[in-house]
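Below, chain A partners chain B and then partners chain C, in two separate complexes.
After this line comes the complex of A and B, so read on.
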């Protein structure tokens, strides 16, 4: 019953999406705003209908309606309620419905919030978003429908993939999708600005919050995914340069480039074409991310289904989008002459330009590594893979370059800096950065990349702190107030700048985590019997006992390991789980997290009676990655509050 | 005092240098990072040509071929594509999804005339998580499709 309601609501939403696409065009043709108002109402109705459709699918899961094919394939009677409710996006069809629902939600919000402020571009914005909604709903209704009934319903379902029965995996897709879909709004505004010849930058101010929102959702989604990979997959790492991970990383990189280069357009009226190029690319890569993962082109745990019809449709969708966007950009680019020119390499705009080159080079690196195997496979019969060494080789130098620019960019003035200014601003940070080298050498960091990263972290940290303390002191003297009040007023006056600096600070913390866990991970493969022990770092680990444990839908073999170091004792319990509906065992690593390092223990198979294989890792500073991403989130939220200047510019 | 034209030239040269360095970095790292995938039949046929190269071999772990050396993590098994099979050696912890009758991809350096010494085992996730009580026919079908997806 519920699934029919959901199906019908989706069909109706598809019809209304056609209205959303067509009505504004009609309105502009006949110069009648009534049509555009109809489209706006349609946007609200689509949102309501798709909310109903998603709710219908979730209710079907909650009521164990195994006559629905999608439910039968992704749930079972014993699946805990929490995972039942979220199994909606446990597979390919439901994920696309979730995508379409987010899109309808964002379109409705955009139609509501920007209606009065953007009367000229609104018809185009609605029409473009309507076409995207049509594209997605066609896919949901005709090619990957989650509403299909089974004639012969099974008594119990096949259960959700055990790897997905995990809180990290529950939150990873929705955040990622919110990021992907969110970029549709700036994209639509950018296209509307091009069509109505208002490419001057008003669209950038209008969509600043949307861009920040999308980017931070994407960031959170990626970090959730990495965290999930870390504690669920049991190989001691968090990022494998898997094509599916890469798919989400590409729009992230171009998104960072976009966030920075729009500032140049706002302040210096330059990079207009470049910004349009970046937002088109970012949104196209977001779509590519969704499609690569959901079309089954890539073989990976995420790619559930293979269906050639779907692949062809998706390819056509992408082609139309790219032809339309870049075609529009080339035909309309004559209105996009920059008002000013670059004057000096010692300027903020130049450092942002180089930052953009680095980020786009990073995105190209990932795109090449991800698509090259697909191209080889299509053009010849050979199959090829691009391994992690390639990415690490390219990304570490790029990351170091980015760090250097991160220290310079926010602290160098627009247009041109004098030599005296450069010396005043950067000499002390450079000395502090270099002074860190011998200190790091003595602590035991000898790897050149590790040393460079540490020096750069110190350099960037110092430039940012000096900027902050300098401004606070100035304000204290001028207004004779306490440092706390001065800091509050300073940040309150320009949330965007200090939000951005907080993001940079979070990135530094994350980089420390990457370097620590990347260069100093210790791994041991060994066989243990109860009573055996080993040393790792300053930890002493002893296998106490082996036992059995069980929950509602799984049983497990469990080891109890006592980890001790002076002043601290913990018990680690790694498991080998077998879920009832699945014969394959899954590994549950036991992790003990401290700010200094993680202990990470994986249980293997018994090699003979009473002897088990274990893999033990010591991952230094890895918690800094998760902690740093929290700082990044707070920084972005601060920046989204809009500083006074941004508000003034917006009106 | 530099002229404006000079300044612009300097800017453009700087940019070109940055782009050139990034391009070189990407492409020099790319060549040499590629690992080709072969089936056991192809590997046997190309034997000497592949000697000393890092390759991936994919197929099914042949039922009944898995031998574990007691008291160690050393294992030996046959990777088969239905027509031909290759002996593989490995030492270490195997992935959860590794077992007889399942799809597998092994990576290592190929030495003609020797057992393939794998340094990595990648167990393929079958597309659907098939329940245990599936029929013989169903298993045969899923093996066929899995084998196809591996090639």
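After this line comes the complex of A and C, so read on.
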């Protein structure tokens, strides 16, 4: 019953999406705002209906309704309740419904919040978002419906893929989708501004929070995915430059570029066309991510549902969207002239320009690496794969350049900086950064990228700390207050600036994690019998025993390993799990995390009676990546607190 | 935006879309094996139904279809009728034989599988520890390899063999001796 309600609600939502798309166009044609108000109501109804549809699908899961094909394929009687509720996005069809639901939610919020403030662009915004909603709902209804009933329902379902029965995987897709879908709102505002020739920048202020929100959701989604890969896939790493990982990373990079370059348009009225290009590209790359996952054009760990019909549809959808967006940009961009010119290369706008070039170049290298295998395969039917060596050589240097700019951008003034200013701001940080080189060498970093990264971390950290302490001291002296109060007031007055600096600080922490785990990972592959031991770093590991363990829907072989070092003893229990309905065993790495390093043990296959293969890793500083991403999140939330600055645009 | 930039931008967008359009036909599972045109790794393994062990090199001088399967593999059920049909068809050919490699499996389950779905009659090597499968670079089931009379792997087929596979893929290779 529930699934029929969900199905019907989705069909109704599709119909109303056509209204959302068409009514504003009719309203503009006949100059009658009533049509646009109808579209606005439609947006709210679509959101309600898709909420009902998603709820209906979740209820079908919770009630074990295996007569629903999608439920039968992604759940079982033994599946724990938590995964039952989240199995909705365990497969292709439900994921798309989730996508559509997020979109409807964001559209409804946009229609509610921006209605009063954007009377001119609102019809276009609603119509563009309506066309996206139509596009996704057509896919959900006709090509990948989660509402199909089975004539001959099985007694039990096929269970959720064991790799997805994990908290990391439960949260990875929704955050990623929220990021992808969220960019639709700034995209729609940008297109509307382009159409109505209001490209002057108001749309940027209006959508600043949307952009920050989408970007941080995307960040969290990517980090969840990396964390999941790290502790669930059991290969000791967290990022494999897999095509679908890349697909989520590219809009992230262009999103960072957009977040920075809009500040230049806001302050200096420059980069107008460029910003439009960036937001269109960011949203297009978000769709590309969906296309890559859902069509099966690229081989990837994520390419689970290969269906050429869907592929053709998504490709057509993307073609229409890309040609419309970029076509409009190229025909309309001539009316957008920058109000000012660059005055000096020693200015914040110039550093942001270079920052943008680096980020877009970085996104291009990732795009090339992702598409190259597809091009080779299509044109010559040979199979190639582009892996870490390419990205390490090409991408990392670009990102090191980014890191340098990260230290300069926030601390250099707009328009032009004097030589004295540059010396005062950057001489000390540069010396500290360079002084880090011999220190890094002594710690054992010999790789040029590692050395450069460390020097840059010191440089950027120093510029940011000096900026902060300088401003705190100034405020203390001026208002005779304590440093804590001064800090609070400083941050309170300008959450955007200090939120941004906190994000930078989080990135530095993450970079330290990348360097530590990337350059100093130690790995051992070895055979152990109970009683055997090994040394890794200052750890002494002993295989105590092997045993069996079981839970509701899995059984596992479990090793008990005692890890000791002076002053610390921990027990590690890596498992090899077999979920009831699936013959493929999954590895459950045992991880002991400290701020300094992770001890990471994977149980392999039994080699002969009483002897098992093990892989043991020491991953230095890897926890810094997760911790740093937490700082980034807090920084973005801080920056989102501050509302628009209409005052600034008026000047 | 200058004219050149417009052309570059639209050209890049069209190129990427065109690439995807062409790429839609690709089957991501179809991965060429680096072992094609290399000597096949020889093996001798106990036969599933008893009798003398199955030895690949003993079949030199004939084309050999080596089919990797397991009773746990769902696609093998789909493939099985064609294998039975093919085995019947080539029984009298002097230049073509078939063998199966039953990997990561127990003999009981495998015999049960053949009893249930029909026994094509050719010998099966047992490979419970996947030693042969690993040597041959098998990563899923079913996978089939065509070995020429000199003991060189000439073709790999990933996934179930389709009806008509022998005429469409194997015969041209056997008659022409050309590379596919």
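We take it that the second predicted complex is superposed on the first by the 640 of 651 C-alpha atoms of A that agree within 3 Å, B and C clash if a C-alpha of one lies under 4 Å from a C-alpha of the other, contacts with A are read in each partner's own complex, and residues count from 1 in each chain.
Quick note on the criterion: a residue touches a chain if its C-beta (ideal position, glycine included) is under 8 Å from a C-beta of that chain, and two chains touch if they have at least 3 such contacts.
This one's a predicted model, so the numbers in the text were calculated from it and none came from an experiment.
Engineer: Specify the outcome, clash or fit, for chain B and chain C once both structures are aligned onto chain A.
Structural biologist: Verdict on chain A: clash between chain B and chain C.
Engineer: Thinking of the overlay built on chain A, is A:73 touched by chain B (first), by chain C (second), by both, or by neither?
Structural biologist: First partner only, chain B.
Engineer: Per the overlay, which chain contacts more chain A residues, chain B or chain C?
Structural biologist: Of chain B and chain C, the partner in contact with more residues of chain A is B.
Engineer: A:604 contacts which: chain B (first), chain C (second), both, neither?
Structural biologist: First partner only, chain B.
Engineer: Of the two partner chains, chain B (first) and chain C (second), which one does A:480 touch, if any: first, second, both, or neither?
Structural biologist: Once the two structures are laid over each other on A, A:480 reaches no partner at all.
Engineer: Quick check on the superposed pair: does A:342 touch chain B, chain C, both, or neither? Answer first, second, both or neither.
Structural biologist: In the superposed model, A:342 contacts chain B only, not chain C.
Engineer: Considering only the touch criterion stated at the top, classify A:613 as touching first (chain B), second (chain C), both, or neither.
Structural biologist: first
Engineer: Which of the two partners, first being chain B and second being chain C, lies in contact with A:350: first, second, both, or neither?
Structural biologist: A:350 contacts chain B only, not chain C.
Engineer: Just to be sure I read the superposition right, which of the two partners does A:380 touch: chain B = first, chain C = second, or both, or neither?
Structural biologist: neither
Engineer: Quick one: from 73-81, 91-99 or 163-171, give me the piece of chain C that collides with chain B in the overlay.
Structural biologist: Answer for the clashing stretch of chain C: 73-81.
Engineer: Can you pull the chain A residues that chain B and chain C both touch?
Structural biologist: Dual-contact residues (chain A): 296, 299-300, 306, 382-383, 583.
Engineer: Within the complex, which stretch of chain B touches chain A?
Structural biologist: Interface residues on the chain B side: 7-8, 10-11, 14-15, 18-19, 22-23, 25-26, 29-30, 33-37, 56, 68, 70-73, 92-94, 96-97, 99, 124-125, 127-132, 149, 151.
Engineer: Which chain C residues qualify as touching chain A in the complex?
Structural biologist: 1, 6, 9-10, 13, 16-17, 19-29, 31-32, 72
Engineer: What residues of chain A sit close enough to touch chain B in their complex?
Structural biologist: 73, 158-159, 161-162, 234, 296, 299-301, 304-306, 341-345, 350, 353-354, 357-358, 361, 364-365, 368-369, 372, 382-387, 389-390, 393-394, 397-398, 525, 527, 581-587, 602, 604-605, 607-608, 611, 613, 615
Engineer: Over in the complex, which chain A residues touch chain C? Could you list them?
Structural biologist: Contact set of chain A toward chain C: 273, 277, 291, 295-300, 303, 306, 308, 311-312, 315, 318-319, 322-323, 326-327, 329-330, 333-334, 371, 374-375, 377-378, 382-383, 583.
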